[in-house]
Amino acid sequence: MDLNDLLEIAEKENASAKPIRLRCCTAAGCLSQQGDAVKNALQQAVADADMSDRVEIVGVGCMGLCSAGPLVKIDPDGALFEQVQPEQCASIIASLNGGGPAEASVGSDDIPFFSKQHPIVLENSGRINPERIESYIAAGGYQALFHSLREMAPTDVVEEISKSGLRGRGGAGFPTGLKWATVAKMKAERKYIVCNADEGDPGAFMDRSVLESDPHRVLEGMAIAAYAVGATQGFVYVRGEYPLAISRLKTAIQQARRMGLLGTQIFESPFDFRVDLRIGAGAFVCGEETALLRSIEGQRGTPRPRPPFPAQSGLWGYPTLINNVETFANIAPIVSKGSEWFSAIGTEKSKGTKVFALAGKITNTGLIEVPMGTPLRTIVEEMGGGVPNGQVKAVQTGGPSGGCIPAAHLDTPVDYESLAKLGSIMGSGGMIVMDQSDNMVGVAKFFMEFCMDESCGKCVPCRAGTAQIHKILTKVTDGRATSADLENLRSLCEMVKSASLCGLGQSAPNPVLSTLRYYPDEYQACIDGGAAAEASA
Amino acid sequence: MSSTVAAPSKTAPAGGAKGQPSGDNRYKMLEATMKRHQYAADSLIEVLHTAQELFGFLEVDLLLHVAHSLRVPPSRVYGVATFYHFFSLKPKGDHTVVICMGTACYVKGASQVVAAIEALGGIKAGETTPDGRVSLMTARCIGACGIAPAVVLDGNITGKQTAGAVVDHVKGWLGNGS
Amino acid sequence: MAVKTLTIDGKAISAREEQTILQAARENGITIPTLCQLNGTSNIGACRLCLVEVAGVPKLLPACVTLVGEGMQVSTDSEKIHEYRKMIVELLFAERNHVCAACVENGHCELQDLAISVGMDHSRYDYMNPKCAVDITHKRYGIDHNRCVLCGRCVRVCDEIEGAHTWDFQGRGANTRTISDMFVPWGQAVSCTSCGKCVQACPTGAIFRRGSTVAEMQKDRTRLDFIVTAREKKQWIA
Amino acid sequence: MDRVRLATIWLGGCSGCHMSFLDLDEFLIDLADIVDVVYGPVVDPKEYPDNVDICLIEGAVCSDEHIHHVKNIRAKTKVVVAFGDCAVTGNVPAMRNPLGKIAPILQEIYCERPETHGQMPGEKGLMPVLLDTVVPVHQVIKVDAFLPGCPPPASRIKEFVQLALSGAELKLQGSGLKPG
């Protein structure tokens, strides 16, 4: 396999495409709304209308606008159909043949939800067939790997990633190039690459969507990373809750192996790289890197103190590079288009784009990818279409590790530093919009219950502290708390934040601290006036 | 402060892979998985996944068999099996309803759905109805936030659910015995 | 063997580079409270009582696993650290059902000593009152989960020194429980050699010798250290 | 100097703390020169008086009656002291908490055990209602000082009382804090 072979596959794939192509979303969001039945019905309709010679139905990954699913898009330059029902499919096919307008609701891809996006990570999502490697190759896939292996020294690759300014998309925003350089410098007989696909933050589904829509993109990023740091074995650690992502990854790994894009002597170079899947078993804490490593080793997912960092001593004591799905998905474009192209996007300290999952009380739910630094208001009000029949009260970012950003701060640009200043975090990219009917003490309690249940139990501040914070919050919502309880709540949150062993405990108090900061009245009201209403639908 | 000993009713000697009919194909398939992982201790979680798929849940004897085969101390196997919420040491019901309790589903009223099913089945989340028909579980965000609240009915993700609709569905399971 | 010089609470000291802050402090008579740490077993940094401040580092660091560094300025007795330690001890008392008055370890208990040393006169937190079992099926020893602080010393001593790995943890978070073998009563745990190392290792009255009554149980941790020193350094005389 | 108005009360506990107080021996005679015991198991008054300077509360809060007492004490007392482990932590009386709610416990103890007389004692309203959860005093009212120990040894009580009389901060140190 070399570049010509790749180009040949791409050419063949493009040549086999039929004049009219209907793309059906087959990611989990649309599938759960009968997306599969829609795809089958379309195929049946094409066969019935005897149009198979010029119309094809392609299952693709996520198109983003989950709230309008199942989505069907006609290429080239055709309509975008929303909330398609299987019984509407015949009329859609008939309309292609001049049979009058389709009996399905037509959406527009010229709305801010789509037009304000800047897809890099998601550029293939909803376009290519995630179950065919040829489809990825036709979109230029694996060329970046070829360029890296054949035209760049490992140090050049690290350098390129460093210059791009890419920062880890898993939440903390550690400079990716620096992490790679650390692993690359370690002298060891073995090194590992780990892709953290244990996307546990409730309200976040970016990684799921990327894996379901464009799995090869992630594998290619991992392979480039492996080459850059000198690793030969990789693991993708995926949540067990994502069966579709797991099956598509399995397919992708098999296909890549069969084509020689994973395995030994890739692109006829001395570079070997093998990827295995590891399926998580329902433990949020395994998103923490040292816990994740223990889990890959078949143990209880309890974190350990760092240093040593995994880059120094990771899997089985060997240097290990851990990045998350979205980080790896950024690698191939950076290698292809160059670090300058990438670093021109975004803000001074936060380069590139970020994928966000919009959910909650918002008109358009789904996935968007915007340049770093895009104001929260643009995302929530313009692209998301605001709250249906209501007002934005707060936007929760970063899941149980993040905080609630009040509407007054909607003009904040979304980047690592700005969100941290507001007491929240970028996190992996979940954004839950809340309206006036949501009680913020209830929201804080919801997150604390989550952290309490997900605490591994190893360190005392997190194990006993989260349980105690939850107990105090319950007293508050039940109207049994005193102002002394609020004082205990605050000091305990500070202690758990400072004294916990890992990121779970260190960030668990954030939802409480941020709501205490922005919505002290709601806490006070519970103390003065008795029980608070649970957040209602 | 009870003076009773918390322990499972069943106890088997360590290393005792007893009670596995040699004709049971499931043990052969489990064996194949362990072999593929070269009986490595660090494949424990993968092996437990396979064991649960094959047997539906992880019985103590099964865990002992795995411990013995992978040469992992029994207490560690039990520790791992109970650390991860995916693994169940008790049999599940004929039908399962999993209600997503992620943030998006929470703000869209998932807790009302849970309450409704708890009331209907007379069980709490994580339990199975006494007749073994229905298991109710909650999930940590299944990543279907765009269609919240999401409920997984016998493995099928359904979106934009209401308490009434899920109750009707589960009533069907409780009622007709299919 | 490189030597580092550093200060702990303003006192200039020197330490070997492979030493932890905790070891260096102890050698110099500076007390840092610990609970999960046990000489002779690996350090896990779990109880967070040994957290110290290091100048220039924004986070608190666990002294038991943080190596000394050249020019390090360590502080072990700031007001914040004292307050955090106290909170952690209060959390531990509220987490399980510790009744000193009715405990075999009363007067010799590390948790009780910690309460005294951090100046705890009560726990500001509500008691959790969890249901905990007492297992006295072993013919010589017993385990009372009401008194367990989940420090993991029994687990480590059994795995790392005795090599039996009878103990481990099941569950997680506040529901974590110490278990023997496949969650069988201790008396039925066939891997147990009845060596009693876990009894000596346990900092509270959770694991005790049967037949001990209130305040009678006294443990000798130095035996564990002795075994490890003998095994690793071939030194049988301390 | 005005005489110090001291009260003591015995809630859910064994009275061991009061016994330990009596172990102050001849110091009691010194105390009698400056202190009036205005309420407690060792004196006559049935009503808790107003303007109490210091009250030592022995025992945990186990019943609705105890809640009434401690709230009343709080309202009428300058310095409220949790006196002994039961008041400070719940201690032995709180050992029933993990067993769950009180009704089934009473049912089992008074009605179901073979050696009992098969009926609940007293009529409704006659007996104080036991709480589902026994709690230390500070979980019901604000407590100003804690005097741990089961019981606190007489020497510790003496030290504490001397602190109180001298007007110093009511905080014990070192081994004076040992519970149990």
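Going by the order they are written in, the chains are A, B, C and D; count residues from 1 in each one.
By definition in this document, contacts are C-beta pairs under 8 Å (C-beta built on N, C-alpha and C of every residue); 3 or more make two chains touch, one makes a residue touch a chain.
Keep in mind that what you see is a predicted model, and the values were worked out from it rather than measured.
**Student:** Which chain pair shows the largest tally of C-beta contacts?
**Tutor:** So the pair of chains linked by the most contacts is A-B.
**Student:** Return the chain whose centre of C-alpha atoms lies at maximal distance from the corresponding centre of subunit C.
**Tutor:** A
**Student:** Give, as an integer number of Å, the spacing between the C-alpha centres of subunit D and subunit C.
**Tutor:** 33
**Student:** Go ahead and note the Å separation of the Cα centroids belonging to subunit A and subunit C.
**Tutor:** 40
**Student:** Can you give the whole-Å distance between the Cα centres of subunit A and subunit B?
**Tutor:** The computed centroid separation for subunit A versus subunit B comes out at 26 Å.
**Student:** What is the distance, in whole Å, between the centres of subunit A and subunit D, each centre taken as the mean of its C-alpha atoms?
**Tutor:** 57
**Student:** Would you please write down the residue numbers of subunit C that are in contact with two or more other chains?
**Tutor:** Only 97, 124, 126, 131-132, 146, 169, 171-172 qualify.
**Student:** List, in ascending order, every residue of subunit D touching at least 2 other chains.
**Tutor:** Residues 95, 98-99 of subunit D each touch two or more of the other chains.
**Student:** In subunit A, which residues are in touch with two or more of the other chains?
**Tutor:** Within subunit A, the residues that touch at least two other chains are 283, 300, 454, 456.
**Student:** Per the contact definition, I'd like the list of subunit C residues that touch subunit D in the complex.
**Tutor:** For subunit C paired with subunit D, touching residues are 93, 97-103, 106-107, 112, 115-116, 119-124, 126-127, 129-132, 146, 215.
**Student:** Sort out for me which residues of subunit A touch subunit C in the complex.
**Tutor:** Against subunit C, the touching part of subunit A is residues 283, 285, 300, 304-305, 452-461, 463-468, 471-472, 488, 491-492, 495, 498-501.
**Student:** Can you list the residues on subunit C that touch subunit A in the complex?
**Tutor:** 44-49, 51, 59-60, 62, 65, 80, 83-84, 87-88, 91-92, 94-95, 124-126, 128, 149-150, 152, 169, 171-176
**Student:** Quick check on the complex: what are the subunit A residues that touch subunit B?
**Tutor:** 28-29, 31-33, 66-67, 69, 199-205, 208-209, 239-242, 278-284, 295-301, 316, 357-361, 365-367, 396, 399, 430, 432, 434, 438, 443, 446-447, 450, 454, 456, 534-537
**Student:** Spell out the residues on subunit B that touch subunit C in their complex, using ranges where they run on.
**Tutor:** 1-8, 11-14, 60, 63-64, 67, 73-79, 82-83
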